[in-house]
Amino acid sequence: MIRAAIVGGSGYIGGELLRLLLCHPNIEVTQASSDRLRGQRVDTAHPNLRGRTDLAFCGRDELADSDVLLFATPHRATMDLLPKLADSARHVIDLSADFRLRDPWLYQQHYGVMHSAPELIDDFVPGLPELGHREALRTADRISVPGCMATAAILALAPIADLVEPEVTVDARTGSSGSGASASTADSHPQRSGAMRVFAPTGHRHEAEIGQATGLSARMTATGVEAVRGVQVVCQAQARNPLTELDLRRAYRAFYGTEPFVRVVAHRRGAFRYPDPKVLLGSNYCDVGFAVDGRRVTAMGALDNLVKGGAGAAVQCLNIRMGWPETLGLDFPGLHPI
Amino acid sequence: MIRAAIVGGSGYIGGELLRLLLCHPNIEVTQASSDRLRGQRVDTAHPNLRGRTDLAFCGRDELADSDVLLFATPHRATMDLLPKLADSARHVIDLSADFRLRDPWLYQQHYGVMHSAPELIDDFVPGLPELGHREALRTADRISVPGCMATAAILALAPIADLVEPEVTVDARTGSSGSGASASTADSHPQRSGAMRVFAPTGHRHEAEIGQATGLSARMTATGVEAVRGVQVVCQAQARNPLTELDLRRAYRAFYGTEPFVRVVAHRRGAFRYPDPKVLLGSNYCDVGFAVDGRRVTAMGALDNLVKGGAGAAVQCLNIRMGWPETLGLDFPGLHPI
Amino acid sequence: MIRAAIVGGSGYIGGELLRLLLCHPNIEVTQASSDRLRGQRVDTAHPNLRGRTDLAFCGRDELADSDVLLFATPHRATMDLLPKLADSARHVIDLSADFRLRDPWLYQQHYGVMHSAPELIDDFVPGLPELGHREALRTADRISVPGCMATAAILALAPIADLVEPEVTVDARTGSSGSGASASTADSHPQRSGAMRVFAPTGHRHEAEIGQATGLSARMTATGVEAVRGVQVVCQAQARNPLTELDLRRAYRAFYGTEPFVRVVAHRRGAFRYPDPKVLLGSNYCDVGFAVDGRRVTAMGALDNLVKGGAGAAVQCLNIRMGWPETLGLDFPGLHPI
Amino acid sequence: MIRAAIVGGSGYIGGELLRLLLCHPNIEVTQASSDRLRGQRVDTAHPNLRGRTDLAFCGRDELADSDVLLFATPHRATMDLLPKLADSARHVIDLSADFRLRDPWLYQQHYGVMHSAPELIDDFVPGLPELGHREALRTADRISVPGCMATAAILALAPIADLVEPEVTVDARTGSSGSGASASTADSHPQRSGAMRVFAPTGHRHEAEIGQATGLSARMTATGVEAVRGVQVVCQAQARNPLTELDLRRAYRAFYGTEPFVRVVAHRRGAFRYPDPKVLLGSNYCDVGFAVDGRRVTAMGALDNLVKGGAGAAVQCLNIRMGWPETLGLDFPGLHPI
C-alpha cells in the first residue's frame, strides 16, 4: 500500500485521478489539494465519489509527505509549483504540459512563456510506455504524462511513421471536458452544446509533442464537438510506397502486439469498425485504426481524454514503476451503449 | 413601421427578440441596450444575426424614445428599472417576472423581496391572448409576458380547469437556455450535459402564475434535462366525473378552436403523438395534448421557452396591440428533424 | 468459479450482463445465446468488450449446462422459454418482466396476454435485496429482477410509504437504451435525439410493480428524454402529518442505513444535490432523495437502467445467493463529468 | 403562384422542401409523393408542419402536371425515375447525386453502377449560383443541386483555389440526418448518440464534386458526430506563396462580396469566430472562414445539410430561375442558442 497525494484535485483530471486511485487495490489516497475548495469534501466536486471517500480538500500548503505526488495543475503554473513540492514524495507524476517537451525553446514557442525550470526537464520520462519508454519507466521517479490529443495521434501514427512521408495532417476532435472545470460563457451548456467549434485551425500545441515522439511533421487542427469526454484524431499521410491493407494491419500488429491498452480497430463493417471514443469512456484504452487507398493512408485514434489521455496513463505508469501488473485498477472496459 | 427598443439585449430572451423583430416587416429595431457589452456589435453576442444587422449595443442611459420598449431584464431588477424608462415609449412590454402576479404579496413570497412598484402592477395586461386577454391587449400599453413553464402549464390545463379537482401536479422539464446567458460552473457544458437536474422539487415560482390564470392549485416540480431550448409540462389531474377521450378532445378543441399558435396534439400513434418541444424550436407554437384513463387525466404542453415562452409571445401581443395580423413575423414552423 | 450462461446476449441488458460477468472474479461466462447473431463474436454487438473475450454467440438450442442461467430475453417470450431451459442450471435469474408480478391476472392486465406459466411465479424471489428480500435471496434458486423504472420508484418511495397518503404520482424519465436494441424509425437518432417523448401519459406497466412492493397506488407517467442510459423518477406525495426535512432524512437513513448500493442524496446546494443518473452511468447505485414543504413530499430516485435497473441488480442478487461480498464485481463508481 | 410537386416527400430532404415551399409566398405545393406513406397526411412524417397543410402523400404514379418538379429521391434510383417523370413539369430540380457529375465514368467509379441516362447529364446546370452558375440558372430547366459536404467544401475552397497547391485535405463532419430517414441499428439513437464515427476514412464520393467545381484534388475523410443537422468541413492546403491573413480576407471578400447566402466568418476571438453549423440550423447560409500560418492555410465551411446542403439550395435556384428575389422564402436566420 503506497500513499498518494494529488495537487490540484478539484479539476476534471484531478477527479479522475481520485476515482482511479480510490479504487486501486495498492494505493491509499492521503490528500488532495484545492486552494479554491479547501476544507470542502472531495465528493462535492466529484459527486460520483459519494460513499467512496470522506476526504476533504486540503490547501496546497498543507500537503504532507507521500510516496507519490501527482500534479493535476494547469500548465505554466506547474513548472513553478512542482520544484517546491517535489521533495515531499519519492515519485512525482506530472499531468500538465510543463515537462513534456524536451526543448525549452519549443515550450516557449507553444506556451508563450519562458520555461522557469528547464534544468528539471531531463529528469522526466515520458509517460508513454507504448512508445519504447516502458523500461525507463520502471525506474523513473519523474514522469510526464503526454497530452490527450497528442497521445491519440502518437499512438495512431507511430506504427506507420517510417512508412509515410513526414508531412501529415492531424484532425483532432474533442469533448468539452478538455477545456477544464472553470466556467466561461463560451463553455456554458447553451453555447457549447451541439457545437462544432474549431478552436485551433492551425498549429495546435500538441503538434510539438507529436513531432518529438514520432519524428513526423504534423499539421494539426482541433475542433470541439458535442461530447463531454472523448478525443478522436483522423490523420492523413502519404505512403512512401504503395501499401495494402494487409501491410498496414501487420505494421500495427507488430507495433502493438502485446500492449494491454492499445487495440487495433479496423474492421470491414459495423458502426464501430474504426476507433470511436464513444465505446471507451472511462476505460484506459486507446483504440487505433487505419485505412489505405493506394498511397493515401488514414490513421485514426480514439481515447477518453481524462483516462488514457490523463489520469489513466498516470496510473498505468505508476503500476509500471512499482512493478505491479500494468492493468491494476485500470480494467474497466467502457460502456456500450452510452 | 414602428420603432422598437430592447432593454437587456445581450441575454437569450434579448437575442430572440432581436431575431424576431429584425425579421418583422413592420418593425424597425432602433436600439438594444447592454451595459456589459456596450459598444459591441449585436452579432457578437448573437452570431445567428450576422449579416442581418449592424446594430451595436448601447448603454441603458443612451436609450432614446421609441414606439415600443421591451424589457428583457432580470426579475427583481426590472421593477426598479421599468418605471424610470417607461416614459420613453408609448408601448411597454415586460418579459421579466416582475409584473406578472396581481398580488404583490404573492410576488414577495415567491421572489423573496418586497415589490418596489406595486402601484404599477394593475397597469399590465397579461400577455396571454389565449386566456381571454386578447380584447384587453388590443388597447394595452403595458403588457406582461408570462413565464415559459407557466405558459405551457396554463395552456395545457386551462381547457380542463372546470372538469378536474383543483389539486393538480405539474412536472416541468426545461432546457439549459432557461437559466440565462451568465456562466456558472453548474451550467458549464460538462456539468449540465446529459443531466436530469431537479432544481425545484417543490414549489416552483410559476405555481403562482398557474394558479392566478387557471384557478387550479398546482404542485409543481421542475427538472433541467438535456436540451438547450424547450419546455414540456406533464400535468396529472383527477376528473370530477369520468371522462372519455372524446370529452377531452372536445374540451380542448372548443377552448382553442381558432387559436393560431395552439395546436391540440393527441394522436393514437407515432413518435410525436403528444406535445414535444423538439419539433417546436424557433416556432411560436404551444402544443397541448391530453390522455385519460377513467378519472385520471394527464394534460401536456410543450413550447420553445425563448419564443412562445418569451420573445414570440411578446411579438404576438404587439401584433394584437397594433392591429396587425397576429402571426406577422411569427410564421416559422419549426424544424424536423433537429 | 461458477459457470454462467446468458439467454439473449445480444441486447443491451445482455451486453451489460456480459460486461459485468466477464469482469467478475468468481464467474466464468461459458455461453451467450443470440439466435440472430449466432456464430458471430460477442464483441461485434458489444464493441466495448473487444480484447476481453473471444466468445461467440451460440444458438439457444446449443446452450449447455451451467451453474447460473440468466434470461435477458423480452417479456412475453420469456415465460414460454424459461420453463424449457431452466433445468440446465441450478440458479436462474430472469431479467424480463414475466415473473415479477405475483398475480397472473395483474400480468394479463398490464402485458395484454394470459400468463403461460403461472404455476412458476411463486418460485421467484424478487431481486430487490433492499426491500426485505435479502434473506430469501440467500437461498433463492429463481430470482426475478424488477423493472428499471420500478426499482427507482420503489427505492425512492419505500422509506416514506407509511408516512404518506397512498395515492402518489410518479413521473419517470428514461434514456433511449430502455427501448432495446431493435431499430425502428421512432428510435432512430434524428427522431429520438433531443426529444421529450411522453410514451406513457397514464398507466405505465411499472405501476403494478410499485404497488406490489410498496403498497402505494402510483399514478405514473413516463417520458423519453435525451440520454442513452439513465432513469429518474420524481414522485409527489401527500404526508399524513406535516413532516420536516429532518423527519425525512431520518426515515431514509433508517431505511437504507447499511445498504451498499443506495445513497441518500438530498443536499442544500450544488448542481447534483438531488439524484441525477448522469453521475451513475455504469454504476450499480440507486440514488434516492427527498424534499418537503409542509405536507407536500417529493421523493426522487435515479439509476442506470442497464445496471441497477437490470444487469447489476442481477449480479448483486447472485453475489448474495453465492455468499460472496454483495459488491463483488460491482464497484465501479460512475464517471464525472460525462 | 407556381405549382410545385415533390417526388420522394417523406424523407428528410423532402420534408425540408415541404417546409420551405409551404412557407414560400409564390409557390403552391400541389403534390408530394411517397410510395411508402401513400394516403397518409404529410404531417405524420413531418410533425413540424401540423397546421400548415392538409396535404397527403400521393403515389408516384399519381403525380399530375406541375410547374416545377423536385426530386428528393435516392441516388441510383433517380436516374431511372427522372426521365419518366420529367415531362410533367417545365422545371426540374434534382436533389439526388445522379446528375451532378459531368463525367458518367466518374459517376460509375463513385456510385458503383453504370449511369443509366448519361445523355441527360448535360442538360443539368449545377445548383451552385456562387460558383459562376447564376447566369445559366436564370434560364435553366434542369438543375442539379450539389451534395451537402461538397457544397461546404467547394464554397470554403473556391476563393483560394488559385492560391494553393492542388492537393488539399478535407475533413468533413456531419450530423445524423445525412444518413436519411430509414431505420438501421447503426443509426438508432443508442448507437449513434455521442458517436465520432468515421464512415469514410478515404475517398468520400464528394471528392469528385469538389474536384469538378474547384479543380483541386481533395483527399476527403468524413465522420458522423453528435448532431442531427449540420455539416462542417476543415480543409488544409499549402499556399503557393506565403499569405497573410489580410490576403485571405481579401480573397474571400472578393469572391463572395455580394452573395446573399455566404458569410465570411473569421474573427479574432469569440466562441463562434469560425464557421459552426450550430448557429445555422434551418438557415440557408453557408459560412466560410480561414486561418493561415505561413504557407499553411486552413479553410472552413459550415451549413445545414438539409437547407443550403439540399432543399434551401433548390429553392434559391428556383428563385433565380423565376426571376424572384434570390432570398424569397429563405430569410430565416438560424437560432442561437440551440
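Brief remarks follow.
First chain written, first letter: the chains are A, B, C and D, and each begins at residue 1.
Throughout what follows, a residue touches a chain if its C-beta (ideal position, glycine included) is under 8 Å from a C-beta of that chain, and two chains touch if they have at least 3 such contacts.
These numbers were taken from a predicted model, which means no experiment stands behind them.
Looking at chain A and chain B, the chains that touch each of them are C, D. Most remote chain with respect to chain D, judged by CA-atom centres, is C.
Between chain B and chain C the centroid-to-centroid distance comes to 38 Å (mean Cα coordinates, whole Å). If you average the Cα atoms of chain C and of chain D, the two centres end up 45 Å apart. The set of chain D residues touching two or more other chains comprises 12, 177, 185, 190-194, 228, 270, 272, 276, 337-338. Within the complex formed with chain D, the residues of chain C that make contact are 12, 175-177, 181-185, 187-194, 228. Put simply, chain D touches chain A in their complex at residues 169, 171, 173, 185-186, 190-198, 201-203, 219, 221, 223, 225-227, 230, 232, 234, 236, 270-272, 274-278, 289-293, 296, 298, 300, 302, 337-338.
Against chain C, in their complex, chain A makes its touches with residues 12, 15, 19, 22-23, 44, 46-52, 177, 228-229, 263, 265, 270, 272, 276, 279-283, 285, 287, 331-338.
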